[in-house]
Amino acid sequence: MDFSLGDRAEAFRNEVRTFLGGHLTADVVERMHATGTFNDKDFNAGLAEAGLLAGAVPGYGDRDPIELYVLFNELEKAGAPYDGLAVTMLVAGVIHAVGTDFHRAEVLERLLTGRYNCCLGYSEPDHGSDLAGIATRAVRDGDEWVIDGQKMWTTMAHEADWVILLTRTNPDVPKHKGLTMFLVPMDHPGIEVRPVPTMATERTNATFYDGVRVGDRWRLGEVDGGWSVMGVALAFERGVMGGTNPAVPLLRHVRQWAAEAMSPDGGRMLDDPLLRERLARTAMANQVSQLLTLRAAWIAATGGLPGLEGSMAKLYATERYQQAVGWFQQMAAAEGLLSFGVDGSAAGGWIDYDGRHSPVTTIYGGTTEINRNNVAERHLGLPRSR
Amino acid sequence: MDLDLTEDQETIRAVFAAFFDGETGPARAREAEPTGFDAAAWERLLETGAPGMGVPEADGGGGASLADLAVVAIEAGAQIAPLPLVDHGVAARLLSGLPNRNGSEPTVDEGILAGSTIVGLAIRPALNGSARTVPSGAVAHRVVALDGDRLVIDGPLAEVPGAGAGHLANHGCLPLAHRDLSDATVLATGPEAVAAHARAVDEWRTLTAATLVGMAREALVLGVEYVQEREQFGRPVGSFQAVQHLLADLPGLIDGAHLLASKAAWAGDRATDGTTGVLDVDANDVTNFSALAAMALIAAGEAATLATDRSLHVHGGYGFSEEYDIQLYYRRARALTYLLDDPARECRRLAGMILEPAC
Amino acid sequence: MDFSLGDRAEAFRNEVRTFLGGHLTADVVERMHATGTFNDKDFNAGLAEAGLLAGAVPGYGDRDPIELYVLFNELEKAGAPYDGLAVTMLVAGVIHAVGTDFHRAEVLERLLTGRYNCCLGYSEPDHGSDLAGIATRAVRDGDEWVIDGQKMWTTMAHEADWVILLTRTNPDVPKHKGLTMFLVPMDHPGIEVRPVPTMATERTNATFYDGVRVGDRWRLGEVDGGWSVMGVALAFERGVMGGTNPAVPLLRHVRQWAAEAMSPDGGRMLDDPLLRERLARTAMANQVSQLLTLRAAWIAATGGLPGLEGSMAKLYATERYQQAVGWFQQMAAAEGLLSFGVDGSAAGGWIDYDGRHSPVTTIYGGTTEINRNNVAERHLGLPRSR
Amino acid sequence: MDLDLTEDQETIRAVFAAFFDGETGPARAREAEPTGFDAAAWERLLETGAPGMGVPEADGGGGASLADLAVVAIEAGAQIAPLPLVDHGVAARLLSGLPNRNGSEPTVDEGILAGSTIVGLAIRPALNGSARTVPSGAVAHRVVALDGDRLVIDGPLAEVPGAGAGHLANHGCLPLAHRDLSDATVLATGPEAVAAHARAVDEWRTLTAATLVGMAREALVLGVEYVQEREQFGRPVGSFQAVQHLLADLPGLIDGAHLLASKAAWAGDRATDGTTGVLDVDANDVTNFSALAAMALIAAGEAATLATDRSLHVHGGYGFSEEYDIQLYYRRARALTYLLDDPARECRRLAGMILEPAC
């Protein structure tokens, strides 16, 4: 085994770090938390102009999944806005894999400028974990489709140019065989976006589709072939595009704070043996999270489909992140409750922020329970429990 | 041995459960964000006599016991009432127990008894003449604090800082503020002052534990209701064994914390005549108030943080959205649990009572 | 509420404590761990002679469930052998509730001398949690029954005088409607006892019943009424008869050791802030376990059936006990691995012992999963998951 | 980046998996209790060259890397082989790295290379001339220890204490013994001695982590097999979601510990030329051997203690009985995890590497 990234990936990482050093300003970070929109078009365009985006599109560029991992891991560790970018790159990869020349010219090329972006229209109010059961209908009408329904958790929809929309086109076959995927321009009539504020700074949306007419050229993949398009998207997503190292910036923030803060027991917080133990455990867990994610990238890079390995990385990383947040909330006590910019807040308010944000990480992108079902049934070979 | 409420307490419970259900509750708590104070509900609460109910009758109060106040606090917690009831109640009891030092200012006056003058308690010792993150500091006209070995009271303020720039935005949307004590009046000094403050903080621990028990209880109800209604894969989410088992540990945890908070209140009421109680962990015999108050806050904090975490989790994405109530409980449970100190430091403090001192 | 035990129960507790001070010698404790038999007839007879047994039989004596709790809680906290006694008292209670005059004269009176004892024949190799499914058959033959089958986990069988045996008498009705309970003298021909050693010091047994002929007078309760006799037994058992304060002696042993032992960090172990925190947490959990158990006793004392409350007490107490054992095993490191009597062993070998013993506490007397199912379905009202 | 074993390592893995499966395994481990040594299996192991395989070829050994040894250790752990392979291997590497000080006694001799002379390593510093609870102390002819700043070796003993009264009965039935160092030979002194011992203990951490990974992997297999076969309520126990979810976190935990132990071994092999690697937790860049060795033991200890706990639990009462194998893994996982030190103290030691020192 060789755990060095290799010259090529290391050089790429240094390019990303250099970019971040110049472009990830305090303004960018403040804006993302103030607006709740973890997508910054100027920042993304900067990445594109620096030549860091196109190469990393899965399958399209000349970079491999290890480098895709490096890009998002560096963004995540630095605390940059990357949620929107992850979706954009994911959709770019799906278009590259199953899209038409029209999709490539009309959408993919634009996405790669960093100035355009996409949102994901999978979940519905009554179908969160159970995606095969979604109810949004698309009915053919000549060369067009008429779409009616509602999607939930369409994060970034309020500034997205397209939504990748999972619809039901045949209600008379088994659930997952009657689905079709569309790429719908958000400026089409009949689309409404309503904000869904959350307990953290992140904003998400509900989107409503009322008789939205969309040409057949916006269909992505085969009619009734939406489930396999989902499969392509999920295979890109798992683990590699951020989300498995959220405790790296947390550790950095807490460490920096603890070097300055006084402990109620006297002395610096950083001298507290319990805090030292927990910082070390967090550093250990960050390494494991990184390795489990790298393994998923490695499997993808060597031609495999790291679905289960991605589930394992997500299960491990999110549980450990939540554990670390809980520890640091406790240890920072009253000061850990105070928000960004408040006099006396521990770690400048990051502990409060992580405390608000962390609960969702075991829910979105596949709940802990769904991931455990996957591992139990498909990795351990236990009988189906449902 | 009697683990039932008294008849009077049953009445108190019913009355205040109805009050908090009608006048407070999640929707009102949401409206009261970020400051964490519902002035209209406080006005209505004054009519019940709750603000002064814990003050001895001899001082013009309702003469309620700590156990009675715990019954009220549980119901307030269940409805996450944005009211400084525990802080005011404990501070008023502290004031009424003090000798009147200068004659000109009664330690507990009509305004305090009625609740028109809100008193807060700085639960942590002041540092350099400033009381930091005082629980009701953003809405209290006056705050009692321990500054060195001096027990002091600030104010009365004409306008409380919550209306202005003093409120500190925080996780639980509690009415927190720092309070400057430089012009504060001295109420007592020396060991007497320190002991009075310590007793008040133990009462605060006990009643905050009770508040957290109420929050945990209601958070579990919210989770159970949600998973009974919500369907995925064609069946109620609550029929999945993994979901059931996430919730099934909680009743014991919550009931255990409830029993411990009640025992602490019972011990606190017994301790008023100078009884210190038993503290023998080798035989698991503990009737000492300070030890039980510390244990109660630790146990209730565990129960409330875990219950709100699991209940939020079984809500799926909705638990994270502002629209659902569970996130209100989630944040307040953490805020109340960590406000006084890290539970680990609270445990080490408890260790100092039950073990030989560390060398 | 009033959390004082009351004068009567307090006086009883003091009597038990006085007895333990005189009779729970180091020899008794050493013998129980050396033989693996947590039942000491001389010790039990001493309790009987001191007048501490008969009164505490559920329903039979003049003492209430609070005092029954006091008796077993004091035995458990002191680390006395009580497993055999708990079964004996349980059976005495069942006989009192549903037995005949013959059972009373022949068995109950003898049990109360402390010189005789009973074992429980419920579980079978293929039916641990699923007791209603047991396969041991009892077939009527005139005034006798012929019993064939096998029981598992018949602890104390090797020195028991009777086994309380759950049998299937009617295979043609729903599972729990075809069961009958017997009280079978262990000296009847056809009974074989085979030891089942365990990873801790405790010994248990498998028992085999090969054409055992037993008179109908040994039947306990109605024919096909065995399930309701089980119900009586379980209601007595839950929580009140020991098993919910195992961390009290653990805390005492660790505390005493830590006051003497050196920490690898320098200084006494008792000065280690992490150990202090964990001792305090254990003391807190011991109080909660006591209160949850007392609540079950209180409900029984005021005429209720504390089945669910017993489940809650057991769930809480056993999880906390296992957590505490894990903590102290870690903190005692190499010395915590050493067994009773070994040079250098932490806490005289008790940490090793608790480490071996604790895993079974979330299994026997109702697994954690069965208790969680109970609470989920019967207390929270969630739909049946099976 | 390459996360696959080399071809040679695949061969090593296959050969030793077959060896440990055939010559050791749970039944043999049970027979070897309480001493924890299977002399016949050790004799057979000598034929494979394993005892000296980690010693450089220049010193007459097999020249295997730490990464190669980790591959072997995982398979030994999976079969809980009652053999002092890791201790002997690490001690032999330590000896071969030392200058020959007095000419009369080679630091690593034929007997050690062959394994007919078993060498143990006292992983904790000696106290007052005595090495306490030495991992293979009851079966090793010689033990290397750090006594103050002197690296010493005791023996050779004609008869090892395991045959007599020296074995210390313990949780994992490991061949533990105290060793008296009063007649021991000094091998090195000063910073060189301390550094050589520290390097050896880091290798021990790495290979013990690998052993624990193997134990955890096999413990999970035992649990999965049991719940697939065992039925309750008319269905396999493994079809209950609560049981599935107890087991479903384990593969990630075990694989994560496996990756970390492999990375530590990789870093250890790189560090032989004096490279110290990177240690930047702010960016999650860690290639430093000592830090990775510490992390690997912590992670593998967590994985093995949790995997054996959950696997034993899903066995029901049978898991507690001596007859079933899981209890063998359960006890050994704890013994190996806690033998060097409390994981919390190991974490604080790691903190000393990755953080500013405590004041």
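For clarity, chains are labelled A, B, C and D in written order, and residue numbers in each chain start from 1.
The working rule: contacts are C-beta pairs under 8 Å (C-beta built on N, C-alpha and C of every residue); 3 or more make two chains touch, one makes a residue touch a chain.
What you are looking at is a predicted structure, and each value in this text was computed from that prediction instead of being measured.
Trainee: So which chain is farthest from chain B, going by the mean of the CA atoms in each chain?
Mentor: Using the mean of the C-alpha atoms as each chain's centre, the farthest one from chain B is D.
Trainee: Which chain pair shares more contacting C-beta pairs: A-D, or A-B?
Mentor: Pair with the higher count of C-beta contacts: A-D.
Trainee: Measuring centre to centre with CA averages, how many angstrom lie between chain B and chain C?
Mentor: That gives a centre separation of 39 Å.
Trainee: So what's the Cα centroid distance for chain B and chain D, whole Å?
Mentor: 50
Trainee: Using the touch definition from the top, which residues of chain B touch two or more other chains?
Mentor: 240-242, 244-245, 344, in rising order.
Trainee: Of all residues in chain A, which are in touch with two or more distinct other chains?
Mentor: 273-274, 277, 369, 372, 385-386
Trainee: Spell out the part of chain B that touches chain C in their complex, as residue ranges.
Mentor: 1-6, 67, 220, 224, 227-228, 235-236, 238-241, 244-245, 247-249, 251-253, 255-257, 259-260, 262-263, 266-267, 281-284, 286-287, 292, 295, 298-299, 344, 347-348, 350-352, 354-356, 358-359
Trainee: Touching residues of chain C toward chain A in the complex: what are they?
Mentor: 273-274, 277
Trainee: Mind pulling up the chain C residues that touch chain B in the complex?
Mentor: Its residues touching chain B are 1-6, 9, 66, 77, 245, 248, 251-252, 255, 259, 267-268, 270-271, 273, 276-281, 283-284, 286-292, 294-295, 298, 301-302, 309, 311-313, 315-316, 319, 369, 371-373, 375-377, 379-386.
Trainee: Taking the touch rule as given, give the residues of chain B at its contact with chain D in the complex, in rising order.
Mentor: 240-242, 244-245
Trainee: Taking the complex as given, what residues does chain A use to touch chain B?
Mentor: The contact residues of chain A facing chain B are 123, 126-130, 133, 152-153, 196-200, 204, 264-265, 274, 326, 329-344, 352, 355-356, 359-360, 362-364, 367-369, 372, 385-386.
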